[in-house]
Amino acid sequence: MNVTAQLRDDAAEVIAQRFRDVRDATLGLTVNLSAEDCQVQSMPDASPAKWHLAHGSWFFETFLLTPLLPDYEPFDQAFAILFNSYYVGVGERFSRPHRGLLTRPSLDEVYAYRRHVDAAMLRLVDAVPPSKWRDLLELGLNHEQQHQELILMDVQHALSLNPLDPAYRQKLADPVLAAAPRTWTEIPGGLYEIGHNASGFAFDNEGPRHRVWLEPYAFADRLVTMGDYLQFIEAGGYRSPELWLSDGWATVEAEGWIAPLYWACEDGQWTRFSLEGRVPIDPNEALLHVSFYEADAYARWAGHRLPTEAEWEVAATLGGFQQIADCAWQWTASPYTAYPGFQPATGAVGEYNAKFMVNQFVLRGGSLATPQGHTRLTYRNFFPPAARWAFSGIRLARA
Amino acid sequence: MNVTAQLRDDAAEVIAQRFRDVRDATLGLTVNLSAEDCQVQSMPDASPAKWHLAHGSWFFETFLLTPLLPDYEPFDQAFAILFNSYYVGVGERFSRPHRGLLTRPSLDEVYAYRRHVDAAMLRLVDAVPPSKWRDLLELGLNHEQQHQELILMDVQHALSLNPLDPAYRQKLADPVLAAAPRTWTEIPGGLYEIGHNASGFAFDNEGPRHRVWLEPYAFADRLVTMGDYLQFIEAGGYRSPELWLSDGWATVEAEGWIAPLYWACEDGQWTRFSLEGRVPIDPNEALLHVSFYEADAYARWAGHRLPTEAEWEVAATLGGFQQIADCAWQWTASPYTAYPGFQPATGAVGEYNAKFMVNQFVLRGGSLATPQGHTRLTYRNFFPPAARWAFSGIRLARA
Amino acid sequence: MNVTAQLRDDAAEVIAQRFRDVRDATLGLTVNLSAEDCQVQSMPDASPAKWHLAHGSWFFETFLLTPLLPDYEPFDQAFAILFNSYYVGVGERFSRPHRGLLTRPSLDEVYAYRRHVDAAMLRLVDAVPPSKWRDLLELGLNHEQQHQELILMDVQHALSLNPLDPAYRQKLADPVLAAAPRTWTEIPGGLYEIGHNASGFAFDNEGPRHRVWLEPYAFADRLVTMGDYLQFIEAGGYRSPELWLSDGWATVEAEGWIAPLYWACEDGQWTRFSLEGRVPIDPNEALLHVSFYEADAYARWAGHRLPTEAEWEVAATLGGFQQIADCAWQWTASPYTAYPGFQPATGAVGEYNAKFMVNQFVLRGGSLATPQGHTRLTYRNFFPPAARWAFSGIRLARA
Amino acid sequence: MNVTAQLRDDAAEVIAQRFRDVRDATLGLTVNLSAEDCQVQSMPDASPAKWHLAHGSWFFETFLLTPLLPDYEPFDQAFAILFNSYYVGVGERFSRPHRGLLTRPSLDEVYAYRRHVDAAMLRLVDAVPPSKWRDLLELGLNHEQQHQELILMDVQHALSLNPLDPAYRQKLADPVLAAAPRTWTEIPGGLYEIGHNASGFAFDNEGPRHRVWLEPYAFADRLVTMGDYLQFIEAGGYRSPELWLSDGWATVEAEGWIAPLYWACEDGQWTRFSLEGRVPIDPNEALLHVSFYEADAYARWAGHRLPTEAEWEVAATLGGFQQIADCAWQWTASPYTAYPGFQPATGAVGEYNAKFMVNQFVLRGGSLATPQGHTRLTYRNFFPPAARWAFSGIRLARA
């Protein structure tokens, strides 16, 4: 589906409906959370759910309403600083590690802020020529969806620190079927094209589309399961420095890692903390919450390797693989850098992706927490190699 | 007033009323705070108001209800760990710096916990012989009152980090009158007695009463005012290492101190953040929120010194001084150590004071945030020398 | 020159002479250093010169003498641990950040250790079939040369912290000629091969040789000079967050960077600390001692970019560029990762390069401190993006 | 012996001889140390032996030669900053934690600096009226002696980090005799005087002499032995939080303490690193290298307590106790504060003691490493409560 084209042609009403749908989906995520749950920030990398709720509105207010809607009145002048994440081009920012201390505005005020912005956005869609806001609106909605997944990541992390093991939601899914044995698909070497072709929405970091030369490789049809990974643990993976990158091993030792994030072992039984509370490890489920270091060490132990992002994209485009975008983001062997010819967007939104192109690795696919329709085969997610609180797993490749 | 004696003789009803009064006074402090305000922990030394609310109940539950009230059912078994502050004698404790992440139990559940404990305590007062609980009940009520002052300290600190400068309460007091010039009272040297005489309630660290030899000294009739202290700032006090203890100067440099906590200067105008929000500096008010290091440096700059705690207690007992217990706790020159012959109470409550007798200094008096009737002339408050978020000020002495 | 082939065919005497030459070159670097100069470790990333002197011998002892020379007696059993750098495959290691505290063995004993190892190595070359040691000897000599450059880096860093600004050596070179204006060479896009072709010695990370697709680009004929970079400083480069990667700007702020490492400005005159002591900035000299973050920000400010390592290698192979390997290592835009099909060497020497393939960037070329004949056009040097104590500079590329 | 009086009356020759004796004693301590041994600084609290050698000379140069000896030429102007320890009153100081990186001046140059200063000092004694320098000379010699003990402390600490366990010196003493059972001497309560009486040399912090009231107490006739302390270890002392001050227990956990500094246990055999290298624990020897926290916890476990410094001085003055000043400094229960009426010396030497009167505890007596004649019964040594590298032990008291 070509979202931008659709926006281009649709009547204002259709656009407004899509706007409302995306924004309402965010509210749906916090409906069962108390004001206290939405307040806390469990680590500097995370943000309070309340902050996410406000920041999405800040984005529309800053990049669309203030510049484009005549007579727009900001909900509160102070929010311009409080809810700016990292855009130095639009002014000051409140200290990131202290977001969890902002008890004012209250959650109710943030909800009112959202309503204020939503109403104004609908006026803008109605009254201002689409050419002025089409691209920014699409960016804003995709940005909103990214924060939907971040809310789930951050809420899970905060709840996980509570000894009461509170569940964010009821168990949703049916039991997972037994995982099939891993099979491999051979992909021939050659000159391929990857990256977004500029038709329909994509983030700036997905382009330009460009050629890459690939050697022949094989791509695993399914993700690494929790059962697969348990074998690595039981084989002493976390006690074997020779399996790890040097910085990875230093992290294992400094952090005392013995299993993926959220896993615990009591009386020989492994469990993991999830959005549904603490649950037993199901060996058939796709592995979640490993770092790049763990993914890399596991692949080495298994005698294989991680795919590069180009290998991932080419294989996924060829098709026929399971769990591409619905279980776990998949760490690739590729550090996150600019594609040849990459130019960040003009203005402050150019800070969206470009300035983070160092010290991170690309993940591809999508996860159980990714909003429907948000991700693409060219989508480049990224996290530092030690990060584990994303819904991140492993797909293997081999020569 | 001899509180313990009173408890000894009073009918259960009178005792129950005093219990209710103290406990209700705690609730009065959080009545204007949202669940979010009660959730946050702004630094490791502080605790969330919700935690204070729960911990006071934990104290009664742990030291009175569980051992003494037949058939008492704890409100929630998990709270035994969650709300233990530092008593190793009664088991595990939840990590102190992470108290602010406990979004569950909710504030409403903590209020229900308080009601549960209060009801049980009234049953205990009614049904169990007073000899079994009299001393512990008195300790529990004094403990509750200490946390009342801590709630105000911690809430003020948390709100101070919000750029919106939110006020905890309306301005209460009338304008302060012009401070009188400082006068001195000469106290003759000699052998004095200090410490609590064991009639009526006191914390264990206030005794035993014992003799001390004092050289003659003079004691200032009033506290150092904000105007007095502004002169120190303007004279370059925060840029003059020769005025400071070595560790104090290291703190000034590491923390970038240029004024007391909560002070700010914009366009030449000094303001301070208070429970009433940001207010102008009134030069006649008693100084608040200085560390021992600042108190010591100020006294040196002024050509005087801080009193020892023995000097403070002897002078205060002789009487005739202003602002003894209603404005600001007064740093003394005395490190917090055991009195001769000191024995901590038996059992886990013996951890109440004794294990903190190192790396802290004694403050005497009481502050605007101290509950009525809580403090005594023998009362020994204590904080590390760099702490500033208490309601702490300066009284001078000289030879 | 094809070194391995040469070794293969040469008589033992020729090989022995090359061994002696490389080892003696190391001694030449410390001839003017006192035992004290060789003792100190100025930061965890650096090592004492004495440690470098010993570690080179440890390499030959561990990987050649002990396994291959019958009846070899280690100089001191304890050295196996003391002078192991990071090879987990051969046992324990002494704590890296504490290398500077090992006052025993003395420098004289370390020199004796070198003589002991050198004598044994010459026996080995004479008595053991070359097929058993040829590759390891070549690796050992290249390893020794890498530590020669590290000695210069680490000694310069240690001396730089001394307020006396002591010079390591007399000024060697003639004045630098005026730098020519920068010119660009256009390189056509297409499918190229890069990497080492396995004829002659190379480190494992230089191969396998493989194809890469490049878009057309232009390559600067000379390095960025100190004069070029002064313009960036004077234009406020270190005060402009929009020029920097996010992690780079965080480093600028945390470290207080205002210029390259070793630069200082007094009364408007810029100087830099060098191996020749403190010298004025010569605007015509090639820039040294910048981090990847600074190189990246400079390139952005200049409207250009850094070359990828493939672009660098292709251009350098095509030839015609100045300052390829004799002035400064050149930061590339390429994170340090494995080439397609890369396999680390078997055994503990497989730890030489592979486990560092994360959180570093590739530098290409060579520097004024690189031993003659050590570097190659396929050579991959690497450092973390914030490192500045290498002899690292900038060459620009553009689309 | 009244040292100052002696200086007052002695001929210049006698004074010169005493000066030479003290200065030469310092040299005697480093005679078996290499330039490398004298270079290193094993932790921020320690200093290199070379620095101590230079700093003693700096003291005489700064406080005597420069102000008092006409035409005195400093050995090197830069040393005024390099070798200033902490006197802000005389200008800048080189960063304390980086003292170990000053490879220049060399040890030989520092010895030359000493000779230069010594020669000038002898000219001063000869040519300048004693009234101008008598007190400062005495202070300088006592200062030199303090650094003699610090050299031994710091050298032992640096050598202890070397896995080779190098000995500083040969074993000197005969085997220790079996420790006698501990006996107690009862000291009656009453009004006592403590502190220096101003006749003869003393540091400013030892006065003024003043009255203190003591309750009756008993004083142990001998120090706690290593055998005594082993019982504490074996009884689980390092695993019992209830025995420790809160900050002490936090230190035990953070530092992983399981025994005194320098102790190790292999195959059930305890050894300790000493100036004579690693030696078996002799249960009859006086315990060394414990912190205040350990001394306090041991005393609590033993059912006794540490004496206050007043109790120590009164008992020691009454006499009859063993191991007063020749085995180990004895931690007291007294935080290091000013005596009543204390005034620091005028000028920069007033920084000698006064500014450290916080966050430290007083030790009394003297140790095996204290120079002959240096200590007194009024002498107040002091260290932070977690410090263990001094020659510090335990004497018990009880009510």
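Going by the order they are written in, the chains are A, B, C and D; count residues from 1 in each one.
Basically, a residue touches a chain if its C-beta (ideal position, glycine included) is under 8 Å from a C-beta of that chain, and two chains touch if they have at least 3 such contacts.
Source: prediction; values computed, not measured.
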* Asked: Where centres are the averaged C-alpha coordinates, which chain has the largest centre distance to subunit B?
  -> C
* So which pair out of B-D, C-D or A-B basically repeats A-C, with more than half the contacts the same? -> B-D
* Asked: What is the distance in Å between the mean C-alpha positions of subunit B and subunit D?
  -> 38
* Structure fact -> CA centroids of subunit A and subunit D: separation to the nearest Å works out as 59
* Would you mind pulling out the distance in Å between where the CA atoms of subunit C average out and where those of subunit D do? => 46
* To do: Name the residues of subunit C that each touch 2 or more other chains.
  => none
* If you connect every pair of chains that touch, what shape comes out? Choose line, ring, star, complete or other. => ring
* Could you run through all the chain pairs that touch each other? => A-B, A-C, B-D, C-D
* **Parts of subunit B lying in touch with subunit D, wherever the complex brings them together** => 86, 88-89, 191, 210-215, 241-242, 244-249, 292-293, 296, 333-335, 337-338, 340-341, 351, 355-359, 385, 399
* Quick one: in the complex, what on subunit C touches subunit D? -> 34-40, 42, 50, 78, 81-82, 94, 98, 100-107, 158-159, 161-164, 166
